[in-house]
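Below: a set of structures, written as structure tokens.
You will see subunit A twice below: alongside subunit B first, and alongside subunit C after that.
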Partner chain A sequence: MFGATLSRWTMSYFAAALIFLAIGEVMMVLGFGYPVSSIEAPETLALVHTIALGWLSLLMAGALLQFVPVLVGRPLSLPGLALPALVLLVVGITGLVLGFVSLAGAGSFSPLLLPFGATVTIAGFGLLVIVFATTLWQARPLPLPARFVAVGLGSLVATIALGGTYAFVLAGLSDTQAAIDLTLEGLSLHAALGLGGWLSFTTMGVSYRLLTMFMLSPDRERQSSRIVWALGAAALGIVACIVPMILSGSAGRVVLLLIAALAGVIAIGIYMADIVRIYRGRKRKLIELNSRAGIGAFAALTVATIFFLALAVSGQIERGVGPLVYLVTFGWLTGMGLAQLYKIVPFITWLECYGPLLGRMPTPRVQDLVVETRAAFWFRLFYLTVIVASAALCLDNASLFRVSSLGQLIAVNALLWEFVATRRLSNVPSNLRLSGGFARPHLFFPPFQSRRQP
Partner chain B sequence: MTKDPYELDVRPLLKSGSDPFQAIMSAVDGLAPGQPLKLSATFRPVPLFSVMAGRGFAHQDQPLGNGDWEVLFTPEEQVDEVRVSAGDTDLDTWPDPARQLDLTDLDPPEPMVRILAVVEKMQAGEVLFALLAREPLFLYPELAKRGHKWAGNFDAAGETYRILIRVGGRKGHENAAD
Partner chain C sequence: MQPTESEELVERIRDALRMIVDPEMGSNIVDLGLIYDIAVQDGGLVRVTMTTTIKGCPATAFLKEAVQNCVWYVPGVEYAEVRLTYEPPWTPEMMLEAAVGL
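On to the complex of A and B.
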């Protein structure tokens, strides 16, 4: 059967992701990790993995469980693996983060937590890769957005393979020369494949489909979008190829990295032109908050790309890598994530509660589940704190960074509360709220005897 | 990407008194995807037009002046395969649409809301025809649950999704009213 049903565990992934985001924000407010500690410090690694794995990767995984079927027009294969994957990921990521904390000398955890957490995390991602890869394989030939997802999944596999190696080296379990070389020289590849490949490239692909859908823009595959895919896939492929070059000690890696960076920057440039075209070509003149809030994320991606170019030209990448990664992680990825959650959560909730009642009795609209004016304020505060925190990192001002992180913690928690209100149907006019005697949706855990298909 | 047409002259066959139909059909079967067929005959082969239309070819015919005709059969642009609901969906037995909706200017999920509202008011066996800007992926499971049949595809330009929905008997969702 064609079509897409509600993904049973997506809301649970989102809930876990948002909790990790809140924990990460608290770490930044308390000054745990960069910029109070150095970029290489274990404290920073704990913070980075709380955000990149706990928040962004769980968010991406939950979103893909719902949207891969929409991208390819067929149901998910092996949907039963979604829950075990979530359990493994939450346990694994928690173990990994606590492992980094113990490396920092705080807490008295076993150093073996690091390789344990890494192994369990890899097992969780492995299950998800099986789910998505099987679904995509059976849906060939793939539409363009799904081809972005395929490359993103490839990047994820490379990222976790590298990350797993580092975990064993840092815990002292592996002392082979190759593994040590990779840990010393391959860290930027791990970050580039994770943030650039898995998280950014996948987001770009999905955004082509979601933005055109939400704003009623033409969504025929464009040549320019295909070039974005080809350049981005080539850049990520080159980065992945540098790994065996490190192992064999081959020369010429810097040149290859430069070529990959150039291809990546051009791809982002063309992508931004595509995004501007999608916004301009929309049939829907008044756009909803998720599309408006997304503009902040696109602006952050543009600024980050220009900043990267400026750093590369002036040879100061090492010095500016902190603010750069912050801007990509929070301005672009977190901004986009929160903005799209603001559409996905009400839509899923609406379909879950009112889908069976449509046409049979008065039902609220999706927009009735949210109060945009309230949330718009929190999105403004969020982006303001991203700007101030980025500036603070450029100025090496840790106190200013912590103060702005406090503002960001407040904005994120307020948005989290908005999502809860949406799930609880609190914003729906009371005469429409539970028409037909349907029960309130479960907050983030599906009922065991569900009418819905998994 | 226009391919050179395959040229087939059946005038010698016709003049010798044999039926060129088999020769034409085997030529059609041998065409590359997207390749046109240029046919020369001693008369205007009108019966062939509908046969070829059934195989997805449009035709352009012109007289050659001496009573002979030349016809260019061009394969029509590939349209998306038709997606149909599960089970026995024989479109030939469906009646003409009783209702038509143009929902191309509505953003999701409004087309789904409108379609389900209209379908609820229609009689079992009646057919609704609707135009949408997107394939309504979340509508399909809801139609299936309510016992309706559907068939849809994109137009040749890939811009408008067309769907036919035949209203089923009133069953499914018995629990909606309790």
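On to the complex of A and C.
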């Protein structure tokens, strides 16, 4: 069997993720969290987890449910766990965010929501790790993009283990010295493994496959891509190894962090060269909007890496960590996420509505489900606001940041509306819209009678 | 079936398959090079060997079924069998000029 199944719950993951993104954008517009509050403030932690868990992690999980089978060429194992995982994650992340809000004194919630939310979130991710790890295990030997996903999943496990510890410490439920040491010193590891490992490294791996697939570029595994994987995996492995070193009080942690950072920077440099090669080597002359919009994300990753190097050389990491994390989170990860959603949503919608009609009657192309000229404007506005907001953070100008976040909120909501129009088949020529008497697809729930592929 | 009749049937099947457009690529599956072989045997038995642009593509079963239905309705075909293969894997070089300009 060669086929992959159409993931039933991916659209639901995307819908939940986009709602969390819109909430996060509203928080930034209202000045809830950094830069109005300090970077360590509970308000900022609420904002960071709304974006990193609610938006980016749910988006990544939904995308992996659809694309891990494509990466390994076999169906997903235990697909029935996708829905309970989604429910646990939405409940858990909401609890976690409200727990941080309670720590900020901004609501009448109990701080116990923090460990509750963390536990439920870990349970949700645990189910997903079981699904993906089982699928990958059964597909050995893994192709290179899937090996990136495997390392990303390892990073996720380490990230949520650290995060769970912090939640219990911050809620006052754990006062062991080891847990307190980890909370005081391990926060950067938590962020590095989450943003750098789970979200970025996995995105890099999937992008190798998706970009070559959508642009018809040469698909063979390159030595340079293997080096990116090896360096990235080594960097993340070193970061993870620092956790037991903190617990045992071992010396040499700073040196190891520097080595990991250097390996990570070199990996990103080689990765960017690979990406340029993929774009230049494409057979498809016309670059579709998802790939064009992705260029902004790659530019943001490049700028963030150069910015990180400049901060490290000048010894000003702590001063610049805010704009750096913003650029990675919004420029790179959010930009790439929105760009690829612009392809994945119509693709899944086409499969749902027109796949069974293929060859029986005229069907639209996937591209007929979108209007690129309209969406291109909103992508341009999105990246403009990322540039302005990053500059505002560098200049410590909270007002400018809030104004640019308002622009970003508008751009994100306009793109969200484009996704809804795609799901509603609004852009499809009327003669092809609902041919064969097929009903309009649900906005974000799967069809009740799913069609499984053999 | 005479060799010339057989060749004519293969051409008719190839023409019919040009009606099936790959939803993502926007070009028909023949010009994309997804049809590896069309073999006609006595009694109107037709075996089509095809591939998809990537292994594990979620549209695979739909494309295979579309090919099966399409071939079945070509006059002269009594039975159609579609085999999916990834040996050799599809590469963009397999596209005809008409599809390259996408």
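Heads up, the rule we're going with is that the second predicted complex is superposed on the first by the 450 of 454 C-alpha atoms of A that agree within 3 Å, B and C clash if a C-alpha of one lies under 4 Å from a C-alpha of the other, contacts with A are read in each partner's own complex, and residues count from 1 in each chain.
Just so we're on the same page, contacts are C-beta pairs under 8 Å (C-beta built on N, C-alpha and C of every residue); 3 or more make two chains touch, one makes a residue touch a chain.
What you are looking at is a predicted structure, and each value in this text was computed from that prediction instead of being measured.
Quick one: on subunit A, after the overlay, do subunit B and subunit C clash, or do they fit? Just give me the call.
Result for subunit B and subunit C: clash.
In the overlaid three-chain picture, which partner chain does A:213 touch, first (subunit B) or second (subunit C), both, or neither?
It touches subunit B and subunit C both.
With the two structures laid over each other on chain A, which partner does A:66 touch: subunit B (first), subunit C (second), both, or neither?
A:66: touches subunit C, not subunit B.
Taking the superposition on A as described, I'd like to know which of subunit B and subunit C A:5 touches: first, second, both or neither.
Both partners.
Between subunit B (first) and subunit C (second), which, if any, makes contact with A:367: first, second, both or neither?
Only subunit C is touched by A:367; subunit B is not.
Just subunit B (first), just subunit C (second), both, or neither: which does A:285 touch?
So A:285 only meets subunit C here.
Check the residue A:140 against both partner chains and state whether it touches subunit B (first), subunit C (second), both, or neither.
So A:140 meets neither subunit B nor subunit C here.
Quick check for you: in the superposed arrangement, does A:359 touch first (subunit B), second (subunit C), both or neither?
A:359 sits against subunit B and subunit C alike.
Go through subunit A and flag every residue that touches subunit B in one model and subunit C in the other.
Of subunit A, residues 2-5, 69-70, 73, 213-214, 216, 218-219, 283-284, 347, 350-351, 355-356, 358-360, 363, 365-366, 453 contact subunit B in one complex and subunit C in the other.
Mind listing the subunit A positions that touch subunit C in their complex?
Against subunit C, the touching part of subunit A is residues 2-6, 66, 69-74, 213-214, 216-219, 283-286, 347-348, 350-351, 354-356, 358-360, 363-367, 453-454.
Write out the stretch or stretches of subunit B touching subunit A in their complex.
For this pair, the touching residues of subunit B are 83, 85-86, 105, 107-109, 112-113, 116-121, 133-135, 137-142, 144-145, 158-159, 173, 175-178.
Taking the touch rule as given, give the residues of subunit C at its contact with subunit A in the complex, in rising order.
19-21, 23-24, 26, 52-63, 65-67, 69-70, 84, 86, 91-92, 95, 100-102
How about subunit A: which of its residues touch subunit B in the complex?
For subunit A paired with subunit B, touching residues are 1-5, 69-70, 73, 213-216, 218-220, 283-284, 347, 350-351, 355-360, 363, 365-366, 436-437, 451, 453.
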